[in-house]
Every structure is written in C-alpha cells, then in structure tokens.
Amino acid sequence: MKIRKDGEIEYRFEHPDDFRKFVRDKRSRKPEPKLCSAKDAVSALVSDGDYLVYDFSSLTRGPQSLIREVIRQRRKDLWIAAEFTLHESALLTGAGCVTRIDVGFLGYGSYIGQAVCEGKVRVYDWTNGGLALRMLAGARGVPFLPTRDLLGSDNMAVSAAKVIEDPYTGLPLAVVPALNPDVAFLHVHQADIYGDARIFGTNLFALEAAMASHRVIVSAEEIVEPEEFRKDPMRTTIPYFLVDAVVHAPFGAYPGAMPARYEIDLPHIDILNGIQNEEQMQKYLHETVYSVADHEEFLDRRVGAAKMRELRGKANIIEGYR
Amino acid sequence: MKIRKDGEIEYRFEHPDDFRKFVRDKRSRKPEPKLCSAKDAVSALVSDGDYLVYDFSSLTRGPQSLIREVIRQRRKDLWIAAEFTLHESALLTGAGCVTRIDVGFLGYGSYIGQAVCEGKVRVYDWTNGGLALRMLAGARGVPFLPTRDLLGSDNMAVSAAKVIEDPYTGLPLAVVPALNPDVAFLHVHQADIYGDARIFGTNLFALEAAMASHRVIVSAEEIVEPEEFRKDPMRTTIPYFLVDAVVHAPFGAYPGAMPARYEIDLPHIDILNGIQNEEQMQKYLHETVYSVADHEEFLDRRVGAAKMRELRGKANIIEGYR
Amino acid sequence: MSRMVEFTDTEFMIAQGARLLEDGKTFFVGWGIPQVVAILGQKLYVPNVIQLFEFGAIGPQSVLPFVRGTMGGPQNTYRSLQWLNMNWAFAYSAAGYMDYGMLGALQVDPYGNINSTFLGGTYRMPKRRFAGSGGGNQVASHCWKTIIVIRHEGRRFVPKVDFLTSPGYLTGPGAREKAGLPAGTGPYRVVTSKGLFGFDDETKRMILLAVLRGLDPGEVVGDMAFRPLISKEIREISPPTEEELRLLREEIDPSRFLIRGERMSAPA
Amino acid sequence: MSRMVEFTDTEFMIAQGARLLEDGKTFFVGWGIPQVVAILGQKLYVPNVIQLFEFGAIGPQSVLPFVRGTMGGPQNTYRSLQWLNMNWAFAYSAAGYMDYGMLGALQVDPYGNINSTFLGGTYRMPKRRFAGSGGGNQVASHCWKTIIVIRHEGRRFVPKVDFLTSPGYLTGPGAREKAGLPAGTGPYRVVTSKGLFGFDDETKRMILLAVLRGLDPGEVVGDMAFRPLISKEIREISPPTEEELRLLREEIDPSRFLIRGERMSAPA
C-alpha cells in the first residue's frame, strides 16, 4: 500500500522495508543492455496510477520527449511531483494523464491554475525544499528527514509534513515523509547502454530520485562507451544499476534548452505560455504529440532541421559542461 | 556552551541557532587572500580545547603536515573525530594534544589502544557512519538526523545517539546529534588564494565538514588561479567563503599518498605501525616534528628529494583524478 | 522645476532592490524580478555579492542580456563558484550562510507573511491558483534578511493572507522562534512600486520608511487594506538613475520581458 | 592417499569467502581481508560483482597487486563506476542496494553479534582496545546478507560478546526488527579457518554447515566457548585450489602482507 491518508490529505508513502525489499528483489545489478525506444520504455515501465518525478524543468534539461510519450500513450491517474517544473503539469493535466500533483512550483500559464480551481487535479503543497528533502529521505532509506522550514506556514496544513520535538534541544522541527516514486525520468547529456549517466551542470535531485525510485528511465542526448564512465568516475551522475531503460533522445529537452547542446526555443515556449483554455490545449497536444508517431517524427515534422541547427548554434556557453 | 553531558557521556553539541549566528557574524563571504604558512594558520585558528576533524586518512590525502604543525605547537586538550583515521589519533595522543576521541575507526598500531586502556584519552564510539551523519546534520543546520543503524548495538550506550519513534511508521529510529567542529583540516589537490578548493577522487565528508565547522584550514598540493574554479564549477569541492586559511603544502599528505600525485611511503608507515611504547613514540615525534621547524624543513631533512621523486614516480594511476 | 524621469513600476522596484544589497554578502535569488535585481546590483553596487539559486548554482555571474526562461540554464549559472543540487543549496541557507533572500508575493500581511499560492475561495476550491512556494518557503525561513518585492496595489496588502506560503513574523514578536524557525531571521524590507517598508523592532509590524520622490506618504498607505506603521521621518527615494535605466533597458533586459510595467514618472 | 595442499589459515578463509560471493550482486567491502576476498572473487568467480567501499568508491576494479595500506587510494578505487563520499555510500546500503557485506571480528556470539571494539575489562577501562566499528556497524545493519570472517580460535566464539559493535540477530528471532533494523537482514555466513557456519532459520543461532576436508566436525566445534548447532549433513570444504593460491600469492598479494598466517594443510 503506497498511498496514505492523513485526514483529507493523501500522500505517497512506502514503508522503508517495503522499498528495500523491492530494491533487493526487483532492481537488477547486472550490466544488461537497456537501450530501447521511448515507446517501449514508457509502455513497459509507466503504468496508470504511477507516481512520477523528473529533473530538471521544462525550460532546462527536462525529459520533454518522455513526457510527450506518456501523453501519447494516454496514461491515466498519474501523481506527479511538480518540483521546479513548469509546463509539464499543464500538459499532463490537459492530456488527462494526471489527477494529483505534489507542489513544488506549479508552473505557469493560466491553464494549470484554472484546472486546480475547477478541481480537475488535486494539489498538495509541500514546497520545493520539502519535496527535495522527501526524495533525499527516500534515497537514504529513512522514513523521514527533519528541516527548519515549513514551520508556521500553511503548507504544513495541506501536506503530510508534521512537527516533532527535537530530542537534543526541544526545538520544534518539521519532518517530511520519505518519497519513493514509482518512476523517475532523467534527461542527461551522456549515457551508455547499461544506464550509466552523466549530467553536466546543476541538478535538482538526480541521484536522489534514481536511488529512491522503483524504476528509472534515462533519456540521453548522446550514447557513449561504458568505458568512458570508468575513466572518469567523478563525472558519473547515475550508475547503471539504478537505471531500467536508456532512450537515445537527441533534442529530448526540446522546446527547453540542453545546457551546452542547444538553446531554448522561446517562440515555442510562448505558445505554451499562451495556452488559456481547453481548445488551445488540445490543439497544442494534437500538433505536438498525438499527430506524430514518436519523438523522431516530432523533430522531423514539427521542429525541423533548420530550427535545430539554429538552436544548436545559439548554445554558445559550453564552459564547465563536460 | 558546546559540550554536553548525558550521564557519563560527554558529546560535542551546539544549538543550531548558535552555529548559525557564528556563521552570520564570523564567517566572511568576502574574497580575501588567505594564503599563509601552516604555522600562522594553526596558531591563529586552532586553540587548546578545540574540536578538530579532518578528511581523508593518514594513508590517503590526510592533512599530515597540518597535524604535525598542531603537534609542533603543542596544542592541548583537543577533541578529535577519528573518522576513517589511522595514525593521527596515536600521534596526537602521544604528543599530549588530545584528551577525547570520537570513534570512528581508532587507527592501528598498539600505541593508541594502550593509551585508551591506560585512560590517557577518553573515547566515545559513534561508528564511521554515525560521525559522517553528525557532520551532515551540522552542515544542514538541523539538530539531528535519523538512521537505521546503531540500533541494538552497544555504540548506542557509549555515545549520545538516541532512539526515537518515527512519526510515520512507528519504527524505532536511531538519531545522532549534529556535529559542528571548531576546526576542519582538508588537504586538497588544488586551491586558490581565496580558498576555493578541489579534491580529486572520493572523500569522506569534505563539503559537510567545511560547512559544519567554525573554521576551515585548507592545505593544497598546488595553488591555482581563481579563474580555474569558475571555468569548471562541477569540480569545486569547497567554495572560498567556507575557508579561513590556505596553506601551500606540497607532499602535505606524506607519509600517506596523494592520489595521482605521489604514492604512500610504506617503510615510513611501517615505522608508524611499529610504535609500541612511549619511548618509540617520543623518538618518532622528535625526529619528524619537534626537531624540524616546519613542513619544508621536514621534507628537506627527513624525507629528501630522492624519496619524493621516487614516490612521485610510483603514482602512475592518474585516470579520473582531474 | 526639475526634469522628470520616466520609468515603469517594475524598473523602480528593481532599482530599489539593487540599492538594498550589501557587498560581500550572500544573496539567495528567487525567480523573476530578484534575478534582475541581483544582476543590476552586481553590475552597479555590489560586485562581490555571492548569488545562490535553489537549483544548485553557487556564486554565478550571469551573462547579459538576461534571457527570459533560462532559470537554471547556462546564462544564469555562468562562472559559478560551484555547481551542486537543491538539497545542498538549501543546506547553505539552513546552516546560516545566506544573508539576504528576495521573494515576490501575491499578498503580504502586516507581519510580512507571504502568500504566493492562491487568492480567494479555499485551498481546495480557490478562485485563482498560482505557482505556490517553489523554494520561497525555504528562503523566507532560512535567510537572515528577506526582502519582499510587491507591486503597490492596496488589495495586495491584507490584514490576513489567504494562504501563508512563506513565513514573515507570523503572529508577531517571538512567533517565528516559537514555531521553531531559525532565530534572528525574518522579513527585512518590503520594496513596492511606491515606497519602501521595514518592520518595527518591537511589534514586528510593517512600517513605512520611504516613498518615491514626489509621492505623499499618506496617499502611499491610503489604499492599503491594512494600516502600516509610519516612521517619524519618511525618507525620499530617488527614481531610477540614468545608469540604472540604461543598464536595465540596454544591457540586462533589452527585450523588456521583465522590466515592462505601468508607466510612472518622478522628479530626477 | 591424495596429495596434501599447504596454505595459511588466512588463504583458506579468503578462498572460502571468494566462493561465497554471487555474481551480478553488490558487495559492501570492509577493511583488510574482505578487500582481498573481493579481488579474488572478482578474478575467479564473480566478474560482475559490484564492490562498494564506505569511503565512496562505487564499483571499483582493483589494480593488482594489492598494495597494503591503500584503502581509498587509486589502486582500490580504480575504474569505479562512480566516486562519491561516505554519506552516499551508506545511503546505497541503507536503501537496500547492498546484497552482501563482509566483516572481520574479534569475537562473535551464537547470534552472529560482532565485537570489534575491546576485549576484557569495561568500555572505560578495557584490557585491550581495538579499532571499533569503523563502518562495520552500518554494513551489518544495512546489508541483506553479512558474511563474518574470523580466525577459528575457541575464545573468539563467546556466549556473549564483550561489546556489541555490529549487530547480528541480537537476542534471537525478531530482535533485529524489534530494534528497528531493516527487515530481512542479518548475518548469513561465518567463515572461519576451519569451517563454515550459517544461521538456523528458526532460532537464528549459529549452525555448523561445513568443515575443511580432513577435519572432524566434533573437533572443529570442540574448543568453541559456546556450542553451535550442527547441521545434519556437514559438507566438506575443499582447501584453496591451485588457481586460488597462485592468484593470491603471485598476483594479488605477492608481499604476503595479508595472506600470511598459520600454516595448514589438507588433502587436495
């Protein structure tokens, strides 16, 4: 049982011993080739009702091609962590994939706000720090972690965060429950066929999410030799045994930016931000998702080589991203 | 008041608000040149009675030249965290610098064991994981962190770790109090004059210790341009505003190894391991510490250019250390 | 009479914010306007300010022009001291390393409590729903001095916020400490498009400190839905300087994405 | 009669340990003998075992020869999958990713509780003080199956350990869970210089499973300070193979730093 109720608040929680057993029995440590299509990865690893997290945001290094595939496969009743996210919440809600959102930061454009007001999705406000800490607890195998924020705010009342007394000082401390998502999406710069993965630049909680989740799908701009990782272990963000599927997805973060690879497509982002109503939403989803078979066709027919060349050309800050 | 008693157990603990005030008032964020001699750094920043931590071990990337300087300046009543440490505990005890040790791993050679039996030093067993977690709590500004080890062991009885009930599962959880040391020593591959520092390879809790400590002394094999750090921010282990002094110390980890720079001096380590009694200890301390003015003279007169060349030559594994 | 300067309310708030920063201090930068405040401040007044972003950029030196929608991208993580992640970013603030934080707000109450979650109705059935805390709750909880930036519209200054997203002084003196929040922290200034507020040491209630040159203090507080305290001597805030406006308009935000707003003018 | 093989008790324990490893599983490697067990096992039996060290090396492929005193050095972090730190290493084990752990011990009791802290006297005034837990307590608490390696001397097998450094089954069935330790974990095997022990499912007490070829089970348990259970059929353990000994002596530890010990022999 992974969903708990605390009054009228529902929260995702798994007893650490249950997650540990899953890790022992279901997460292979064997180096097996995991390269597959987004279609196969999502159909095999994402089910209706799943709890989904991703890193980073729809503007920067977000797993946008995987999100679009989830929409294409019309998953239902998903629960997502809208952590530092932007448009994903709106798109997944507009597509009818999502019914619950842990917030985070609820993105922008008025569509998602309206959806909340109309009761289309149920939100629980944990704050960005609260969600990041829940992920860390999930990764560290402890049922909770303490923090000195959330206290005194209404986020305490609309989430399952609690106040405990610190045994050393008597201080009131906020505690948040561990989060062990069903699936984590991570879009990375480089991966090998086994799942070793590298992110260049900052991340929200890439390693935490990979360790804390039941299943992990990595989409990568570039597939490199496994040898590369062992030659530079400080650069490894995620080791292969935390990963279930590897999808080769050039421009996988489009319309967002991939640091040092391609820039954000601002005109496209403006279209997203402009979505106000159901009609505009469905039109956008039709054009960018339903009417194309996969990410490759999307890039081909909806983005185009010229645009991709342009965005690659704009990515002129590469310092540090290696 | 930084020392607490729990029955006959003493433990170092500082209210998080007190540490925060110290960080606000006493830790400068200004980029100021901090390059100085080990002598000046230790005399200015290490006082009798201080709590001292260091990273990594006496065999690998330990701040040995700084430890020797502490001995040379005959600091008294120090309290150290013997975390993954080896000979430091014995040397600092033999020199009469240390009266309390949080363990950790108590090193080897029979000298330190005898010292404990004779009551020369007082030990408190927290385990390696317990000490690393205490440091993380200190760095995260929380009074404790929970863990699912220590439970059921006698370490609980001889440390100030406690058992609490998890508010989400009812599970008994061990909690350890935050540790905010007075001083942290970090020996690094590269630093700039402001204190930005890089460690290549693994570390125990370098960033945790730097954030959790009141004062930080970095000793570096190499001083590089500040620009270098901003060009490759993923490689920065410690940012300058966590550092109080920078000491240029080539071969600062000697007789231990500095990964990819020089190998361990095993014959010297054998001498250390062979120290059985007070006479041998004082002889060793005289030869390696008291009879030389500083690290430079030590290298000059006790190690020698030929040996250093030899040890540099043996460091033939450089892959990944950059 | 002296020459009039033309500017937008946003430009005025950004200029005010930039003037409040302290050199050689750390600054936890929130989304949007605070990003531009940090850039302007670093260029003009506080070259050694250390910016920190919740997504793990420690000490970046943003590239100009400011490109909208690049939160976390190469432009605003450029030349950082260190790249980490969110849990480390909030560790820096929780351990006391962040001197200033800056946040926007939908509503603010007399104690500087911030609402950025919803307006009207209830949490479950709000009239209008917004982004929520993001990392704002952590910034307002951890940073030593939090600066709130809010457009000066009376309805935004309410006796009680619809939702307490990020803590100010809660119910008054001692309430933050009683709740367990780090001691000695709290809202420091409220920058509006008409003036500048602080907080009274004794009551922890918002107090008017200064108004834009040419404005009448009475009018400034007149339309506020709660009555703030008013300092004995109200300082005068000069409008954005030519240099501030030039930087904002020509170098930082030439696309006018962030600096656009309601037109205002004041004597130079 | 068959040829006799000559080896040290340490070589025998190392060989036994290497044979116990499972390919494609994770292995939390402690200081000393376990390091050599991991190397021998990976060379001969379990190429895809993932080694993990408490100092943050994930999946290293150690360089030969094993250089003593290089815990954390380039030789035993070589070609890792990932380099992290101690808090992350123990996160992997705490979250359930570590299948096997291996630890040495000064004393072990019938429930597999380990003492590596002191012998005789009291904690404050011990007769002999040793290194203590190091990361052993975490390994024994987190790993799914902990393998204990201990020289077969009767006085090391005690009814009650002088200090419980790292948890076995504590006081018996259910005691680990009751104490809050992760469910389903605990000591799995005890490798000694004469035989191999497991733990009885029902009582969680140590049970003799096998002895070195040529040894009499009765003699093996005879001098132990507690009486272990004895399995109905006692398997026979073959002495170190030529290949095991060759690797150990020529490639892994030519300086005989770790593999030296008491001379033994057994029929090949």
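Structural remarks
Every chain is named by a letter (A, B, C and D) in the order it is written, and numbering of its residues begins at 1.
As a working rule, a contact is a pair of C-beta atoms (placed from the backbone, for glycine too) under 8 Å apart; a residue touches a chain by one contact, two chains touch by 3 or more.
These figures come from a predicted structure and were not determined experimentally.
The fewest steps needed to get from subunit A to subunit C, moving only between touching chains, is 1. Averaged C-alpha coordinates give centres for subunit A and subunit B that are 38 Å from one another. Averaging Cα coordinates per chain places subunit A and subunit D 40 Å apart. Centre-to-centre spacing of subunit C and subunit D amounts to 58 Å, using the average Cα coordinate of each chain. Residues of subunit B in contact with two or more other chains: 16, 140-142, 147-148, 171, 173, 201, 207, 231, 233-234, 319-320. Annotation for subunit D: residues touching 2 or more other chains are 57, 77, 79-80, 83, 94, 142, 182. Contacts between chains form some other arrangement here, matching none of path, ring, star or all-to-all.
Interface note: chains touch in the pairs A-B, A-C, A-D, B-C, B-D.
Of all residues in subunit B, only 13, 15-16, 140-148, 162, 164, 166-169, 171, 173, 175, 177-178, 200-201, 231-235, 319-320, 322 touch subunit A in the complex they form. Those residues of subunit D whose C-beta lies close enough to touch subunit B in the complex are 31, 53-57, 63, 67-75, 77-80, 83-87, 90, 94, 117-118, 121, 123-138, 141-142, 163-167, 170, 175-176, 178-182.
Contact residues on subunit D toward subunit A in their complex (touch as defined above): 24-26, 48, 50, 57-59, 61, 77, 79-83, 88, 91-92, 94-97, 99, 142, 144, 182-184.
Of all the residues in subunit A, the ones that touch subunit C in their complex are 56-57, 59-61, 84, 103-108, 112-114, 116-117, 119, 123, 125, 127-130, 132-133, 136, 147-155, 158, 163, 171-174, 201-208, 257, 259-260, 264, 266, 269, 315, 317-321. Looking at the complex, you find that subunit B touches subunit C at residues 16-17, 19-24, 27-31, 138-142, 196, 207, 211-212, 229-231, 233-234, 236, 239-241.
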